[in-house]
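Sharing a structure with you now.
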Amino acid sequence: MHPCKRIEIIVERSQIDRLGRLLAAAGAPDYTLIHHAGGHGDRGHRRADDVTDTDENCVFILAVEQDEVVAAVVEGVKPILQRVGGTCLVTEAVWTGS
Amino acid sequence: MHPCKRIEIIVERSQIDRLGRLLAAAGAPDYTLIHHAGGHGDRGHRRADDVTDTDENCVFILAVEQDEVVAAVVEGVKPILQRVGGTCLVTEAVWTGS
Amino acid sequence: MHPCKRIEIIVERSQIDRLGRLLAAAGAPDYTLIHHAGGHGDRGHRRADDVTDTDENCVFILAVEQDEVVAAVVEGVKPILQRVGGTCLVTEAVWTGS
Amino acid sequence: MSGTFFANLTSPPLLFFCLGLLATFARSDLDIPNPVAKAVSIYLLLAIGFKGGVALSESPFSVDVLLALGAALLLAAAVPVFVYFMISRWFDAADAAAVAATYGSISAVTFVTATHYLDSLGIAWGGHFVAAMALMEAPAIVVGLYLYRRSAGKGTEAGAGGVEETTLSELLREAFLNGSVVLILGSLLIGWVNGKDGMDQLAPFVKAPFVGMLCIFLLDMGLVAARRLRDLQAASSQEQSVPLTSMVGFAVLLPALNGSVALLLAVLAGMSEGDALLLTILGASASYIAVPAAMRLALPAANPGIYLTMALAVTFPLNIILGIPLFHLIIQIIAN
Amino acid sequence: MSGTFFANLTSPPLLFFCLGLLATFARSDLDIPNPVAKAVSIYLLLAIGFKGGVALSESPFSVDVLLALGAALLLAAAVPVFVYFMISRWFDAADAAAVAATYGSISAVTFVTATHYLDSLGIAWGGHFVAAMALMEAPAIVVGLYLYRRSAGKGTEAGAGGVEETTLSELLREAFLNGSVVLILGSLLIGWVNGKDGMDQLAPFVKAPFVGMLCIFLLDMGLVAARRLRDLQAASSQEQSVPLTSMVGFAVLLPALNGSVALLLAVLAGMSEGDALLLTILGASASYIAVPAAMRLALPAANPGIYLTMALAVTFPLNIILGIPLFHLIIQIIAN
Amino acid sequence: MSGTFFANLTSPPLLFFCLGLLATFARSDLDIPNPVAKAVSIYLLLAIGFKGGVALSESPFSVDVLLALGAALLLAAAVPVFVYFMISRWFDAADAAAVAATYGSISAVTFVTATHYLDSLGIAWGGHFVAAMALMEAPAIVVGLYLYRRSAGKGTEAGAGGVEETTLSELLREAFLNGSVVLILGSLLIGWVNGKDGMDQLAPFVKAPFVGMLCIFLLDMGLVAARRLRDLQAASSQEQSVPLTSMVGFAVLLPALNGSVALLLAVLAGMSEGDALLLTILGASASYIAVPAAMRLALPAANPGIYLTMALAVTFPLNIILGIPLFHLIIQIIAN
């Protein structure tokens, strides 16, 4: 059991690959990914059940121990969130890993 | 990066529209919604894969900055949770938005 | 509103029944379950959309009030995580239940 | 007669239903993913609607049609009333209202299985019964809720603490614009507009794979019903507001009773063999989709562990396995 | 002529599309789950590709085929250019580029609906138009982005703060190896290799249920388009970069214009009645899958609330309901 | 003979498999959503089971049937044993046991593809092979785990720290009541009970679209196998317990060897051309669904990156593309 940060990043489906590469580059390659989420934000209502996949969100969950990696992830996603929208939440947590 | 509360509300599928209206009225219109969740609670086992949609849960995730909005949301969902069941969790978090 | 711990356990689909039994035995029978998650970890990339279900993760979310139950859950999942992989995160939260 | 009874027991759809029941009881992990079940259900509703519409376009709009629709509406409105008063001694008001609404409404798959039963015996039935079925989905919801509110006194349900009450318009929309109602009635109308020409185009879609799709859906229903039955057993050990025996008892009694009432109506209206069976089965069947969805919204105080379990775990299998051939037997006896 | 127009309005696929529109407007909860829509879409692309390939294998590779493919590519490259310059006074650079790409590309379902329209009237069309359609999905993406980068000056899009720019190879892959392009072209090739023998094997799959599958897909498209239309109404009250009237105006104007250009090309190339209608409809239709996916990646500054809504909520229904029969009428008038 | 070989290479199912492989290698985003693949897989298992049952009902229960079932069970029990001892020098005990179980069990889709291969050549095969296939899914799991526990010493797997050991009953249920086993055997039984009459009802469902459904499933399998192959390449750079060459080597060698053993058995039992090919292919194929599911539960120490990748990324494509026609060639040579 180690103290860590739980990072939760909500972006639209189109950004999955880009975010995956970004996380690996930031030193946080491990994550859990929940697909087919919907939501509501500045760009209005988003449905996970549309024919056109641009309207679908997904949720990345990361447990990260080192503070500098957390900072790198947050800095890295910021411009993505600014350009395409989305949200990033960081919480204190305690991690029991494999 | 702002400190905020992460609110996580788990209710059954039938309450999605009602909860959406409630959140908007409470001043927290933005959320992320994960569909097709299952679970176990006072009303027993719930499967996300039943023919009858009453047996399906969903998860609302909200980042909210103002404490009075957090309070309004929590007060607002309480009667829903009491009447139809479900759970609401509030956590301290740090938010990087779009 | 009670202070509680939010426990988030990410394991692969094959372990759902085992984990359900373990949670009940540990005194934390209630949970929410998100299916069809993907991810990346020590065992590489995992896709939620493969023909073979071994490649699928799922997310258990539990709100637990008593510290000894939290400890029992964390101790209980540790050997599962060690044997089959996965992650367990514990966060401080405030709970409004049904 | 016992020949047709046995034939029904070995028909592929029924056997797949039993396979589903058995698989769950044997604790197999056989599973039909929810989107697959949804797809099959959309197919069945569209196909039965379209076929009904085409059939309707071929027979002139007659007194028979009006009689059938009238009988259907009468059933949908009257059944919940007498069910409610009959069971309200054993169930509390909310549960009684929900059970009443459930049994006043219908199960589309039970209806579809009955049409397949008739088709496989070569017995004719009227396409307007598809319309009758669609019309019967909603009224029981409104009647059930009315009965509850009358008994509970106005305002009880209007939660203190700010939960908005379900408005009447919200409720009517939920009841009458339920997805399955719209899909059936829409397909019926499209079939009616297109008539035989449309059927020539769509027959390979709405007719050819129909029985197979019904098999898959009933396989899933078997899995689901058996899971509910298992949950019921588990729940029987806990203390509950309604004892298990009352639940199972009424889940057996109500279809027999409602089916008989419907059968009486059919006889009074002088319906043909096939039509009489369909009206009877509509009366006997109970809703496990539209009504529970509306109840969770408008009457959350009712426990789905009671009304939904009765409809899904007991009444549905009963109608599919025994109800259809038994009522058919009775109709044949009456006819002779 | 007005007879075929009316026949189209009452064809099952179109009526199911209208059912979808109506269901959403009436606020019904009718819903086709996303995986079901995906399954139907995979079926339609595979079936139309395979049928096109078999048709191609039966007709010798002729000048007609080359002319059609050439015309299609010309359209896909030229339409975005003039659309971009035409609308850039009303839209900012990113939105204009995205709209240009959207209208330069095509909608496979609009195309499929047009082939069904022709089939139901017994009018022949060339299998190579399936290839033409697949070829038209991608080029407009590249042209649209080129126009944007030229106008915006190099590097603007390369985000400060470390967002990697979409590389050219990433972009070309997104455009040309888009799932639907690969599925259509692959199925076309497989149909072409297998020819009539393959069709004997696969006809009960790719032909028999085709119209029914199209009905289900158009039902879903009706639901989706109406939801977008509703969002559009809601958005009209907010302040937006592009006024609602410009959006709707261009969403009506562009298909008329692009369709007319395509029709001119078809006439110049001396195409048959069926082929001319297909090229026209390819010109008139706008992409709501491949292009938006590429735009979100490469041009996130463009607002999907503009280009996607125009294509999906206005142009798509317009083409399906009015575009196909109207352009057909014009072609028939020209022919006589 | 080389004619049939070439014919197989251009059959639609195989070409769609190759399309899937190519699409992934070209990094296209073509994707079959998981519920769609599940739906197609449920369809294929139900259809092959039902067809097998009807076939079985038409041929009397003979010595041939018993011989085939016996041979199948013998294979399922013996193959894991010799595979385990053969490879245990290169793999550690858990991985060796899992690979042994994987190759002792079967792949239903490989079997279905072989039946389609035979059907398209007009070669008869016995419906009881469907039962043989279903019977072969589970035993290898039990044998493999027995071998592992014997070698590892009792109790090793019983995790310290409270992880409950998989009980024998849990294991047997996982093995023998696996969803696909239940679905195939159940459909077989239903087909057998219904016989030719049932087939008349269900033929438009289980026969007409069969090849098309197989095409879609193989398209998906191509996508999945290629993704695994890519992961394998990526993994080859990391240090791993088993070198890449051993994995690929055995994934090629084992189907050749097991197929040959099965072929020998078929020849000894005097099976017909079609039956011999099916038994051979059952021997040669490896499980990528039932066995991995059981292994993750009962033998998590085994690395799915080894046994699953071998079965899915190498052996499956090999059998589909080369195994079926090559073994057929050998059978024809032996027969003459």
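Brief remarks follow.
The letters A, B, C, D, E and F name the chains in turn, as written, and every chain counts its residues from 1.
By our rule, contacts are C-beta pairs under 8 Å (C-beta built on N, C-alpha and C of every residue); 3 or more make two chains touch, one makes a residue touch a chain.
These numbers come from a predicted model, not from an experiment.
The minimal number of chain-to-chain contact steps leading from subunit A to subunit B is 1. Steps from subunit B to subunit F, taking the shortest chain of touch contacts, total 2.
When chain centres are set by their Cα atoms, the one at the greatest distance from subunit D is A. Comparing the contact residues of subunit D and subunit F by number shows a mostly separate set, under half of all numbers used being common to the two copies.
The chain with its Cα centroid farthest from the Cα centroid of subunit B is F. Averaged C-alpha coordinates put the centre of subunit C at 32 Å from the centre of subunit F. With centres taken as mean Cα positions, subunit E sits 41 Å from subunit D. Distance between subunit B and subunit C, defined via averaged C-alpha coordinates, is recorded as 19 Å. Each of residues 34, 36, 48, 78, 82, 84, 91-92 in subunit B touches at least two other chains. For subunit E, the set of residues that touch two or more other chains comprises 31-35, 39, 204, 208-209. Every pair of chains meeting the touch criterion is listed here: A-B, A-C, A-E, B-C, B-D, C-F, D-E, D-F, E-F. Taken together, the subunit C residues at the contact with subunit A in this complex read 8, 10, 34, 36-42, 48, 57, 59, 74, 77-78, 81-82, 84-92.
Listing the residues of subunit F that touch subunit E in their complex gives 10-12, 15-16, 19, 22-23, 26-36, 39, 120, 204, 207-209, 211-213, 215-216, 219. Of all the residues in subunit A, the ones that touch subunit E in their complex are 12, 14-15, 18, 21-22, 36, 43-45, 47-55, 75-76, 78-80, 82-84. Chain contact summary for the complex, subunit E toward subunit A: residues 31-34, 37, 41, 159-164, 220-221, 224, 227, 231, 234-235, 288-289, 292-293, 296-297, 300-301, 303-305, 308, 312.
Residues 34-35, 38-39, 42-43, 46, 50, 173-174, 177-179, 182-183, 186-187, 189-190, 193-194, 198, 201-202, 204-206, 208-209 of subunit E are the ones touching subunit F in the complex.
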